[in-house]
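Listed after this line are the structures, all set down as structure tokens.
Below are two complexes that have chain A in common, paired first with chain B and then with chain C.
Then we have the complex of A and B:
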């Protein structure tokens, strides 16, 4: 079976993972088509309707500025996707390249992997906090900071895997037939790293959601006016008693998204590594 | 193990550089709003800020070695004593959290592995994954909402020192925070214990133990569990890092006077010397934990050599 085929059957073979994938598709659709789906402008303030309960036309109620929570949640999906995809890109590109090259060129690896060690000496959120202190609150900075934090982990995983692959016979064979470094790396080693990279992508995406929400909550993530699920929770937390829906909806959206990502990531990992087949919520 | 020293040196250099990466004159940044040109010049001289960067680093490291982490702009007190004030809360919170993690995570993981595929396993594995997906602060807010505001069972915020009135009874202030902090980490430990139990149970010596007719419970405890613990012990460095990260959030939610909230408040107050001090302390602690984990790993598993 092809790689894609086995991953597909692993994900669709489990109803939980399939449900997760459907949820992620919904998030992606909301992200792309946010202006079409959201009935109101997510920033439109309407003091008369403030803190109204969930009922049409406000499906998820309104917040303390009278903004429509449903519309904000839909735009929040857009932010979640931007943060997730951006962090995955930064982490996988920087970390993946660093790990691969370090394992393939040991002398370069001596230097690069020490840099990775130093980055990993800082607990994730603390590193993100310190970096955010030095930067302005913005979407791009949040993406870069979370990406850097997970680039180190990605580099370490890819380093180990490339090192293993480098010792394989097919790599020796390629070198013996006169393949250059770039050919060995791109045509012989990299294809074997695609599936671990996919697994890593799903976990980095999941972690980025939790980290971004934590940064927003601490007031050090996205600018406060950006409608993100983390900002919605941060802004409305004092209304937890008066208007519980303001915290339930964004919270549930984060949990569902992270849970789905973990389910799909697990399913892909199991497809690659038969040792795990049948494990962890494999129903 | 010797690779640890260069890493520590590089990490501490980064922490040192932190003040220099903030735009502006480092002396003025260290003094905060109260900076007069004279005071800035005096501090600049004291810290050797007109010297080359490496020499400044050496001076700073010398001060750090003597316990001088600078002066807090906000508290106007030595950074080390400000950190010390938060230590009691953070250490007690960490100990209670570790207690929950071990008390819940290990047994549930073991049962899940022994009853693999059963409904108990499905529930605990699924539940573990769900808890690992919940933002810590969200869980904390709801625990406060339900158990403090709604039922009035536990205090919702703060933590009076156990040397104050109330003594050990004050630990009830840390119950909800420690449960909040334990949830995602116990979830990880459940999954880890389960996975490593299943890994070990495929080993030849386990088959041998079964083949010679040992009781399954004895095999599970003496042969599988003991060896599975090695992998779990190795993950404690990772758990420490996760605890530190989530403690920052949890202490903020529950307004606990610990080091985690101190760092968030210091960032919002632009109290850079405190941020620098806390980060340095955490990095050193984290590396010490990792070293201890490596040592424990080597003594638990004779196949692992420290060289």
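Then we have the complex of A and C:
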């Protein structure tokens, strides 16, 4: 059974994980096809219709500028996907590289892993806040900051795994056939790290959503005009008693998305755990 | 000129009290097409010796602190990684004790054999695959054209070790170091692998360094033996000389502890005592604390090699007589 096959069967074998995957697919579709799905321009202001209750044509109601909440939520899915994918790329690339090299070259590791230790000594949100205050509010900076925050944990995980793999006999065996450092790292160690990286990716994606929402809420994340779920919460929080749907919908979207990511992540982790991968042909 | 000439090899490990030499003054030679067996109990330094020859001691725990290792006259110990890579896998290669972990779990076995080939020979993908099938056939894996696409976890331990052998001999090395190649396998599979190694040796004319703790295996397959105890070779010589006229009390002890198969014994023979910890500095002969014939001199002076007969040498003040057959 291939890796993809076993992940597939683990995800579709449980109804919760399947539901999660369907939800994530919906989010992804909204992200890609936002202009087609959203009935209104998410930035269009319409003061006459401000704070309307959820009813057609405003499915999720309107905010205090009269902007359509449903359209903003759909575009919010696009932001959520960009932030998620971007942070995962930054965290996995920076953290993965740092962890692998640190474990493989111990001298380098002494220095790099101490930096990682310092990063990990801060609570994630505090670290993100500190970094964001130094930078301008923008999508790319938010992605970089969240990526760096989770690069530290990724580096720790990969450091340990690379250290273990480096001690495996097959690495010595590869060196014995004349493989050099780059070949050992890329061809022999890295392929063994793809499964844990996949799991880590799903969790970094989930945490990046929470982190981005928190930063937006505190006014340090995406620029305020960008339609994101966190920004929607931040802007409309004062209307919580008059127009609660303005907070319920984006809040529910964040919860559902993070919950789905965790469910799918769990399924992937179970699928690639070698204890569940048993098809040994005893010959 | 011998193919491999190890001389006065010293290996040290780090510890809180400074470096400790765990392999001291190990010297032996391997001739072209020859087979040498290095025997000793766990921790005596035999594996470290083989790792040092292959340059696998990276210094994080153990490193080579003295001596020379010459392969066809080339000193290996000072080589850079780049220079060494040309020799490793190509001129000399190694198989390991653990067939379960010495193959990379994420690659098909065919790719792993092909990689060893493509590292040193400019073969096309197709040619490498064909050669890999041929190698699998040489190591007697049934249906090699199907097995080549198996992942390691789909093969049994014995088959994995055969694949390891195939990788090791892929580039027709002149020297193969086998570090306890059969320890993790069943006795029957063990016999097959040893037979395979011997046949391959006859076909290709490669020399073999066989590391083992099994005297029977060594007696059967090697023409030269070196017995190690606490990082030193204590007895060395042609296999038939050493086994027919054991000269060192340690070798005698090892032979005596092989349980007889022709009669029942209540209590197994053993060598009294335990190997002193490597951190302990034992003056005199390192075996004296367990030796049944030790005298005052053994506690003070570490014996040098003395010749028993021909190439048969021993480090003992009271080398046992040449007619002492092992019981």
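Everything that follows uses one rule, which is that the second predicted complex is superposed on the first by the 273 of 283 C-alpha atoms of A that agree within 3 Å, B and C clash if a C-alpha of one lies under 4 Å from a C-alpha of the other, contacts with A are read in each partner's own complex, and residues count from 1 in each chain.
As a working rule, contacts are C-beta pairs under 8 Å (C-beta built on N, C-alpha and C of every residue); 3 or more make two chains touch, one makes a residue touch a chain.
These numbers were taken from a predicted model, which means no experiment stands behind them.
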According to the stated criteria, A:65 is in contact with first (chain B), second (chain C), both, or neither; which is it? neither
Based on the superposed arrangement, let me know which partner A:214 touches: chain B (first), chain C (second), both, or neither? first
Quick one: classify A:259 as touching chain B (first), chain C (second), both or neither. first
Give one of first, second, both or neither to describe whether A:114 is in contact with chain B, with chain C, with both, or with none. first
Chain B versus chain C as contact partner of A:130, first or second or both or neither: first
More residues of chain A are touched by which partner: chain B or chain C? B
Return first, second, both or neither, reflecting whether A:240 touches chain B, chain C, both chains, or no partner chain. first
What is the shared patch of chain A, the residues that chain B and chain C both contact? 279-281, 283
Under the stated contact criterion, what part of chain B meets chain A in this complex? 3, 6-8, 10-11, 14, 18, 21-22, 117, 122, 125-126, 129-130, 132-138, 141-142, 145, 149, 191, 194-195, 198-199, 240-242, 244-246, 248-249, 252, 263-264, 267-268, 275, 279, 282-283, 286-287
Contact set on chain A toward chain B in their complex: 16, 114-115, 117-118, 121-126, 129-130, 132-134, 206, 210, 213-214, 217-220, 230, 233, 237, 240-241, 244, 247, 251, 254-255, 258-259, 262-263, 266, 275-276, 278-281, 283
Touching residues of chain C toward chain A in the complex: what are they? 51, 54, 56, 60, 81-82, 85-90, 93-94, 96-98, 101-107, 115-116, 119-120, 150, 153-156, 159, 164, 167-168, 170
Tell me, which parts of chain A touch chain C in their complex? 106, 168-170, 172-181, 187-188, 191-192, 194, 279-283
